[in-house]
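Two complexes, one shared chain (chain A), two partners (chain B, chain C).
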Partner chain A sequence: MEKRVFFKGWWLPTLLVAPQLLISFVFFFYPSGQAIWNSLFLPDPFGLKTEFVGLDNFRFLLSDPYYLASFKTTVIFSTAVSVSSMALGLYLAALADRLIKGAGVYQTLLIWPYAIAPAIAGVLWLFMFNGNIGLASYYLKALGYEWNHTLKGDQAMFLVILASSWGRISYNFLFFLAGLQAIPKSIIEAAAIDGASFWKRFGTIVIPLLSPITFFLLVVNIVYAFFDTFGVIHTITSGGPEQSTTILVYKVFSDGFVSQDLGSSAAQSVILLVLVGILTVIQFKYIERKVHY
Partner chain B sequence: MVEKKKSGYWLTHLGLILGVLFIFFPVWLTFVASTVTQDAIIYPPLPMLPGTEFFENYANALFRGSPEGYGAKVPVIKMMMNSAIMAIGITVGKIIISLLSAFAFVYFRFPFRNLCFWLIFITLMLPVEVRIVPTYEVVANLNLLNSYTGLIFPLIASATATFLFRQFFMTIPDEMVEAARMDGCSPMRFFFDILVPISKTNIAALFVILFIFGWNQYLWPLLMTTDPDMRTIVMAIDSMIPTGDDYAHWPTVMATAMLAMVPPVIVVISMQKFFVKGLLESDK
Partner chain C sequence: MKHIKAIIASIALFAMFAGTSLQAKVEIQWWHAFGGRLGELLDEQVNKFNASQDKYTVVHTRKGNYSETLNAGIAAFRAGQHPNILMVFEVGTASLMAAKGAYVPMYQLMKDAGQRFNPKGFVSAVSGYYTTTDGKMLSMPYNSSTPVLWVNKDLMKKAGLDPEMDLSTWKRVGNALDAAKAKGIDMPFCTCWHSWVHLENFSAYHNIPFATKANGFAGLDTELAFNSPVHIKHIQTLGKWAQEGKFKYMGRRNEAGKNFRAGECMLMTESSAGYAGIKKEAKFEFGIRHLPYYGGTEAPQNTIIGGSSLWALSGKSKEENKATAAFLAFLSKTDIQAKWHQDTGYLGVTTAAASATKKSGFYKSNPGTDLAGIQMMRNKVTQNSKGLRLGSFDQIRGIIDEEMEGVYNGTKTAQVALDSAVKRGNVLLRRFERANK
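Let's look at the complex of A and B:
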């Protein structure tokens, strides 16, 4: 993709890209380079000098049970958040798509949580499930179920998944609704005339036609669960109890800033960097394919 | 639609209404909690209807801040100002630098053009959360901790907006440039008089997305601001809840939570058309 017609000169365009390049260098390339560089060093406990250790930080990380546990936590967490928010988003979008009138109203009523910060969503759900005053924990207690997410790891995990998915439904809803509305009605009608039931049509026509968008959403939601949910975890559990909700990005933060373990934190950053890189390449592969349709 | 069964119609609405209730419920509870006394909250269950302390609680939060927690006593109005400055700074900054660089990439040929393009392309990949420790050091070395510049600039370093504008510029017919050049129009004149005006819808769409992105920043301001007067509302709310929970002044905390949600929600709802466009076309 290139324009055939363009302006002459080289100093003006250089000036035009300069601000973005400058900001990218100062706040992006230099820090990222630092992360890679630091990941090869080990500062002594007093922070007076650092020693080159090669890939030792990585070797140590990959044999550290806490880091491996955090990996597992991240996989469980991001899968649960992506699948549940996509399933609910698709369900609501499929319902809204059935309506001739009123789909717009429901769209307005359903999309605004996108604007709510994950940290605020965390506070709302924390308030509902607070062990002493929360409404949800009060009624759970009345039903004989002891709720205490500050002590029980599985409950803490459930709560952060719930809070993270809740705010994400609107995003998935919007994309699925757009995808559903792009399916030509004539295909559905033809199938209906041939006697295919609603579920038959949904399974054999709608789902396959939605698969590109579903795949795209899966990648985007995983990236969201990896990084943007930091606020939810920080407000609700701070990674606890006993690290049961410490996802990878939270560990970078807590090892780097709370424990000041800079070598390890840098190595974790590099591992995350590689993971995001892979996800981005997958995402772009998909977008490319969409263009070639 | 294909079928018109009455029962199906009502079930569709019922399903959607249940979804809407699930979405609204936590926010409704928050609103209720922001209008009652502390006693009504600490002796559960919380009532389902708003109380009488609306003005009292919001005035307290806005002008006096939370009485408890280590983030106590900073008026929320100050935090909202900080959030607004940060959000608008990020939004305007990103839109300006990416309009300029997208213009350069699409309408010029210059040395190292491809290299520059790839350098910016790579920044797409890495959220600030990943390079958080070294970025913090950079900002600390530049003496930008506790400043608006330090809050805003590291978050402008991302390429999404540049790509969106580039894609849009590619769809503009070449005849526009030809006509402009024939009339002796300078590049910057073309930029300001033609390109920016026809990009209006895209700018509005990005504005909504970036404003929400900026307002909702959490980790970066959390690290950057040690001065209570520089806190943003989204990050400060956590500091109003003391660990141990019992002693948080919940009506103030919940009023603050409402105040943190209102501006971005208003932006989304009032600019819904642009929001939907922006979301479907970019992704962040």
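Let's look at the complex of A and C:
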């Protein structure tokens, strides 16, 4: 049975939603409107003069092969970050869930990396893989593997994925662990009595029951990989070499604030806005249907 | 209630007066890009100025590397929070020149402040970069350098080479690298500032255009031209060395300087201003040589400058502009300039500083420190060797760096990479032309 509360009159509900509306307006509608407006202009860097160019900024972007390539980079990067950090998070959660002694210590230690800001995490990994002073690159060299992520695109990509996933594993671990602990023991025990193996139980009971959490984490991780990995990429590769680690958000920054091309940067923001809108619709319309709550 | 208001008002009044009495000196802000040894030397200059008079105080802030400083300055200008003086590296010169209204031209600033200032006192190869075609100086040259070849003599000996051997051409350098590689030297060659050394200065030195329209001096409708056979030959050579492990790529800016100072790299092409750091840190015997060239070309012509100039940004009070003018005039004094030149390896940007240094016998006791100056002024400048004035050039350098990375890691030939860089760079030049019509 559904319960619904109705307000009489209009001023109280208006008052109650006003703060949220105000925040949405100031932090979302106003900046989005600005981005759409600016995407139609070609200003000079100092903001001294500007010219209306219609859709030229979009035309310029879509004919730039490096912009199109950054879509592919973004897909590879976000998939790799989401999948690897979720898989490892789930694996560690499954292990920690079975612990009897010292669970608290393990859990605390596993959650620790989440407390580290992306930019700091980036610098940390950069130190380890630095071509001059890095320990990891030193040992790799001793093993006969030439590490130079300033020059090799695949190595740079690997490093930013590694650094971005690292802190994320903790976050995913935390949610998966909570999810695992919420599954009633009686169901698992019943299946065990019926003779289902660990993997059988995991595949047919645990995973379906975890699906709401998995879905939530998928959304959150993709959003993270899209937007919050900026610090990692900026500190480790600055999008290089040859733009091989330039994801869409980084390109908005580098074209806008490094190259001072604000028109193009605004146009990219608009494209990104549309893209995120589409993604959200797809996620909730199609994927959510298959999730058991 | 009335009492509270009165109290607040009196506190506010008091604060105002207290503020003014503390700020009897006019304070101006200078944003720059110098850290490390150069930052210390810059700080010394500022302290000297602040101590030399009691009317003005200069506060300096480091805003990151050259590009970051320029971007911070531009963003601050849009927000109306900009400093009085902004350090802009030579690459950003065209962008500032085009932004009329964003700065107070140097000649104007000095005239308004009643400062005596002689633009003719600057070395023309340097000041020409910051002067309009009708002879008006827009910004004040601060640090200017030119690329040279740095030699680790100890590693040369280890490679079985004569440390004084002739390294004037790239062919001879190649032979030395072969020998070094054969003796197991890990990093025979490295370089800083790829585009600046191996394309921009390379063009001037070989007297071939980097871009049409006199490298952009003659108009905004310039087009890039650094994909000529000579350019391709050189970049292909670098790519080959990288593949053979003779040249190690360490990064786009001056990252390789660390490896040289640590004694890992045998030969390095880097700005003459690497001198400050190398002199301080190198625990080996080093030498300075002219930048190598290819025989059978018009080289050696002359090399061009890199470095920065100081721009007085607009929108400041008359008092503050006066302070700015006084500080910039102070910086161009001969003793300040001569000391800067000798400490850093930057060129003496005024003729007086160069001759004072010569007189002091500095060049004799520090062999090689005069090479940069000689290399820059060895011939009468041509259209191709005057310098570069290209819009969006910081971004174009980024494109060049990206494409050159493709050559070094072996995924692209020099021809493909340079053609692509020219094509992509021209798109930006057209966009700049359009935005600055």
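Just so it is clear, the second predicted complex is superposed on the first by the 238 of 293 C-alpha atoms of A that agree within 3 Å, B and C clash if a C-alpha of one lies under 4 Å from a C-alpha of the other, contacts with A are read in each partner's own complex, and residues count from 1 in each chain.
Methods note: a residue touches a chain if its C-beta (ideal position, glycine included) is under 8 Å from a C-beta of that chain, and two chains touch if they have at least 3 such contacts.
Since the structure is predicted, the reported quantities are computational estimates derived from the model, not experimental observations.
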Output check: A:Pro43 vs chain B and chain C. Expected answer is one of first, second, both, neither. What do you get?
second
Which partner, chain B or chain C, is in contact with more residues of chain A?
B
Where does A:Glu242 make contact in the superposed view: on chain B (first), on chain C (second), on both, or on neither?
second
Touching A:Trp10 in the superposition: chain B (first), chain C (second), both, neither?
first
What is the contact status of A:Pro31 with respect to chain B (first) and chain C (second): first, second, both, or neither?
first
Report for A:Ser170: first if it touches chain B alone, second if chain C alone, otherwise both or neither.
first
Which partner chains sit in contact with A:Phe257 here, chain B, chain C, both or neither? Use first/second/both/neither.
both
Could you tell me if A:Tyr138 is touching chain B, chain C, both of them or neither one (first, second, both, neither)?
first
If I apply the document's touch criterion, which positions on chain A are contacted by chain B in one structure and by chain C in the other?
131-132, 257
Chain A residues touching chain C in their complex are 42-48, 51, 60, 64, 66, 131-132, 148, 150-153, 240-243, 257-261
Complex contact set, residues of chain B against chain A
1-3, 8, 12-13, 15-16, 19-20, 22-24, 26-27, 29-30, 33, 41-42, 44-46, 96-98, 100-101, 103-111, 113, 116, 119-120, 123-127, 129-139, 153-154, 156-157, 162, 170, 174, 177-178, 181, 187-188, 190, 212, 215-216, 218-219, 222-223, 234-235, 237-238, 241, 245-246, 250, 253-254, 257, 260-261, 264-265, 267-269, 272, 275-276, 279-280, 283
Per the touch rule, the chain A residues reaching chain B in their complex are 1, 3-7, 9-10, 12-14, 16-17, 19-21, 23-24, 26-32, 34-35, 38, 88, 91-92, 95-96, 98-100, 102, 106-121, 123-128, 130-135, 138-139, 166, 169-171, 174-175, 178, 188-189, 192, 198, 220, 223, 227-228, 230-231, 234-235, 249, 252-253, 256-257, 262, 265-266, 269, 272-273, 276-277, 280
So in the complex, the part of chain C that touches chain A is made up of which residues?
67, 71, 74-75, 77-78, 95, 98-102, 248-252, 255, 258-259, 262, 392, 394-395, 398, 401-403, 405-406, 408-409, 424, 427, 431, 434-436
